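You will see chain A twice below: alongside chain B first, and alongside chain C after that.
Right after this comes the complex of A and B.
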């Protein structure tokens, strides 16, 4: 297990932004499209996100399997909304009238609009999250959270969690290979086999993981972790004028979402 | 050492939460793979994978049981969600929201159930049920993001599947795992004291402010969503008559027995046409008259369960003898014989006079 699209050493604007601001941006975008559900608004933000990938020189080269999943799930969301929405101008029926039967399952313009809204919302959430991960260093994120007032003892937990990922991934592979060498294969046929599969995978990993707790916590205590209210850092996040400007833009975006929902911007809501 | 910063959470507690959240996040791929295997074995494209939902909550239950401290479930949920976000979850930041809600529900359950290590059958049952509820919560969080308008029967079926998974994998299996860890003596020194050291009242209040804020946010948010957005618990054969009226009320056909009219109407849409048929129901003018619209009102906004909304002129509505609400298999339908087919509305929930 590796950190997806791990932050690259790039000098792009998005890379240089404060990590907490980027997290706030991600939350604002997600909240904004929830407050003002519009496929045009989601589409516009998705376009900006894709431009963000370009601007930060982050390749959008996710695996084919993942792209397939994203597209399939997006299509599923679209179909689901179209089928579940009965109101609007009926364009056609999926099951047309035959003799005295039907018609059933109307497809309406409102349903299609909602379908686009949901599928674009999904793609926006996923791609904006991917962009966030790509341009954010978790260690700097932990530091910036500390600067916001969160105790470094808690924000450091994120660093620990991410730092152990490669180790657990390696151990997971080792456990699987060990099981295979003993003739134990993954099986989901029946509850007992599912539990057996999970037990044989989880138990060795759990024991291995928990056995590291004592050593790590003693080591941290021995180095004075938690002794002082503040600590020193090798790498620090910073807040610049650019961050302030982006914060203003993000606040404006959130405010615009609220005003659009409340109907205070009718000219703009007619467009997006 | 660390007790100077926070008297209840030790460095070992933090490390335990972080490591278990990391392991849970890293194994989410494996859990997803198992979910796909279940889907394949049952021959369905999706949905049955919810049978594995409990395996995500398993880690949170384990965290809350091993580090028996208030809030560690939510902290574990947040960390696990962030780990999944950084490892490329296909749900993006939504997975953080899902995981935090699950952790919070586990914490709530733990508050009721008490200490997991010397608990009786009733306490254990509460732990298992809260594990089930936490597992089922993912259905509703995801629904809020991606499945707006999903039928409550569908949601109930999927949530029941997830709940069962939670009880089995995050309840029964988590307890079996705890027993195993105790037997293997991995936990013997790791269990924390169930009685946290005393702290000053002011300090405790200050420390709990984020938790109180989160609880208020979730309660207000859930209330708003249930009442104003989802309307999932409302009677499908009733609708709210509201707005600029002197007598706002909830319309129900039973209150208008004897005032039904039957009209013949045909749906004439831009692309579709349905043959004339007889529809029986209560005229919209009768329903609105009962609410007594105020003098300055000009129109009526009609809203459906799926969010579809139309506006009609009030004067035209009050004189229209082919505009009625009728009972259909999925709720109240607005039959608008004199209007375009787009104004025929299914599942009407609100009539708002403005």
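Right after this comes the complex of A and C.
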């Protein structure tokens, strides 16, 4: 079984930060790059995220195949944007003029910029989410969200989701093995084969997940989940001076994103 | 005392699962209920724990009483303070990521004070001999450890009655012995315990009384056990000319940094029925997947019918090998039992060549002939397992690889699977069965391979290997025939 989604125990600063603050950070970063789409801004935040992996001793190559897939998808996004964007100064054509044919598929400076922007934004959202999951204890997150006034019934949904991620990952691998043992090849040639592939993959996974949902819900009910509006906690999240300092920095980042979007920081806007 | 009076229940208002059942569970007593698959044992546990009719709906009549008081108007969380149910699959019941969080989950929900929660976590883990697991992530526990943590998490709520549905299902013989010891300790502490068990022998030595649930009624157990045994099987003499059907040459496999299988070399010949035994986590299931060509080894090579398995397509694998996985849901793909049975012919493009009576005969033997139009996912666990076996063997492949095929099987299921395997050996095929049951090894198999930490520790005739296991400190494997 691969364990690649869970909070990696360590004493790093990122691990020690208040879980709600980390969630706020993730939301602020995502909001920032959505309202101020700049490849330099996204690149800067992506660099900081990668440094975050390093600082918290979370290996970025836990699942090399997945990272490769993400990088490939990001490259695909880049290529798609470059090919589909005709605006801007033409730098060259992918298919140059030959005799009386062409040229076709112009590559423009704006297209390249847009390509970088899309692919970096994609990588930032995925990597920052991965980092958040890796450095956040779900039980402490549930506690800190409860302290913010969110009902523990909802905050525990996060804990459950994270608890079952590795299990479903493992089950997916078992279903793939079962498919191979029955001679089923995954095929996307033709609509009927695509539908069959989807059915053969999702039916077993869905039924297995639903049966687990039943057992889990009985297990939680049988231990008094929802008995009263509040509950106690064995482990609690805390708020330190460091959290306050990081909150100030995150607020500044959000404010800067808004001001950049509204054009109030032209000097900085010219750089990033 | 926990009791049900005149309880009847039907899920669909048509088929009665329980009919006027009366049962008392006393404190300081271990009661065991056995019975065929689908006889309503788990349903009875759900009624005793209060989930029926509060959470699970159906037509319910009768009453549940705790210490003489009718709890009809109590909520599930109020009943749960006194009655705790440990369900069959521990994996699905764990809802947090840390063992101490899991054990604390119940007391936290009842707003127990911090110091008391700490105390309950400590005491509950100690009661199941798992104090060392307190700070371990739940996803990294073995099957036996998960089972013990699940029991501890129920104990932390300080119930009076503990209901366990098939508690030994995922345990190896060591785990079963540990479970017996733990349950005896609970009994002596005054808990009223109800165990639902197919593998009666696992729990029989500690039971105060055994009841049987059959045809919607509960009665005293008649003392007969389901039995697949006959006289011990002779270790077959292999003809010198026989070519192996499966070969592993120096095979290793790792999950990340964990080496599950280490340098295994073996051959499986026609006529051999091999019991593959070993502790939980010793690499048995991984070895089966490697031999079936479903996993590709990190070192070494596996061959199926003399062809390197890495060169085989999915269709080649399906044509030569029948694999049954532990969870029946993972290998059901079609919408009806009939289509599931025919899937392999469809995939191998040989639907027209199949004599229809062959498929019918197998379904009939599996007890599924009347359920051809049913959705396979709506079948009971035992029926699904029989469908798994019938649908992967209907085209008569060379080798059967079955991972714990007898778990959760009643007598019908055990007999069907046993006969299927026997025929395979007699017809010149081969079979490998992952099992913890020495009875299966001696009565059904003519070879036993015992694995320890990913390597083959012993390989030979079942009797000789079991004797040797007794000598080297694995006596529980030799002593615990759970089908007996």
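The working rule: the second predicted complex is superposed on the first by the 199 of 272 C-alpha atoms of A that agree within 3 Å, B and C clash if a C-alpha of one lies under 4 Å from a C-alpha of the other, contacts with A are read in each partner's own complex, and residues count from 1 in each chain.
Criterion: a residue touches a chain if its C-beta (ideal position, glycine included) is under 8 Å from a C-beta of that chain, and two chains touch if they have at least 3 such contacts.
In this text, all values refer to a predicted model and were calculated from it rather than measured experimentally.
*Asks:* Where does A:184 make contact in the superposed view: on chain B (first), on chain C (second), on both, or on neither?
*Replies:* second
*Asks:* Just chain B (first), just chain C (second), both, or neither: which does A:47 touch?
*Replies:* Neither chain B nor chain C is touched by A:47.
*Asks:* For A:212, is the partner it touches chain B (first), chain C (second), both, or none of the two (neither)?
*Replies:* both
*Asks:* Between chain B (first) and chain C (second), which does A:60 come into contact with in this model arrangement: first, second, both, or neither?
*Replies:* Touch status of A:60: no partner.
*Asks:* Looking at the overlay, what does A:121 touch: chain B (first), chain C (second), both, or neither?
*Replies:* So A:121 only meets chain B here.
*Asks:* Check whether A:94 is in contact with chain B, with chain C, with both or with neither, and answer first, second, both or neither.
*Replies:* Neither partner.
*Asks:* Quick check on the superposed pair: does A:220 touch chain B, chain C, both, or neither? Answer first, second, both or neither.
*Replies:* The answer is both, since A:220 touches chain B and chain C.
*Asks:* Check the residue A:110 against both partner chains and state whether it touches chain B (first), chain C (second), both, or neither.
*Replies:* first
*Asks:* Name the contact category of A:80: first (chain B only), second (chain C only), both, or neither.
*Replies:* first
*Asks:* Please report the chain A residues shared by its interface with chain B and its interface with chain C.
*Replies:* 1-3, 138, 156, 160, 162, 199, 203, 207, 211-212, 216-217, 220-221, 224-227
*Asks:* Chain A touches which residues of chain C in the complex?
*Replies:* Those residues of chain C that touch chain A are 46, 49, 51, 55, 76-77, 80-81, 84-85, 87-89, 91-98, 100-101, 104-114, 117-118, 121, 137-140, 150, 153-154, 157, 255-256, 289, 292-295, 313-315, 317-319, 321-323, 325, 327, 329-333, 343-344, 347-348, 377, 392.
*Asks:* Can you check the complex and tell me which residues of chain A touch chain B?
*Replies:* My answer: residues 1-5, 26-27, 30, 34, 37, 62, 66, 69-70, 73, 76-77, 80-81, 84-93, 103, 106, 109-110, 114, 118, 121-122, 125-130, 132-133, 138, 151, 153-154, 156-158, 160-162, 164-165, 168-169, 172, 186, 188-189, 191, 194-195, 197-199, 201-203, 205-207, 209-214, 216-217, 220-221, 224-227, 229.
*Asks:* Spell out the residues on chain B that touch chain A in their complex, using ranges where they run on.
*Replies:* Touch list, chain B to chain A: 1-2, 4-6, 9-12, 14-23, 25-27, 29-30, 34, 37-38, 41, 45-46, 55, 58, 62, 66, 75, 79-80, 82-83, 85-94, 144-151, 168-169, 173, 176-177, 180-181, 184, 186-187, 189-190, 267, 269-272, 274, 304, 306-308, 330, 340-342, 345-347.
*Asks:* Show which residues of chain A lie in contact with chain C when the two form their complex.
*Replies:* Listed in rising order, the residues of chain A that touch chain C are 1-3, 6-7, 137-139, 156, 159-160, 162-163, 166-167, 171, 174-175, 177-185, 199-200, 203-204, 207-208, 211-212, 215-228, 230-235.
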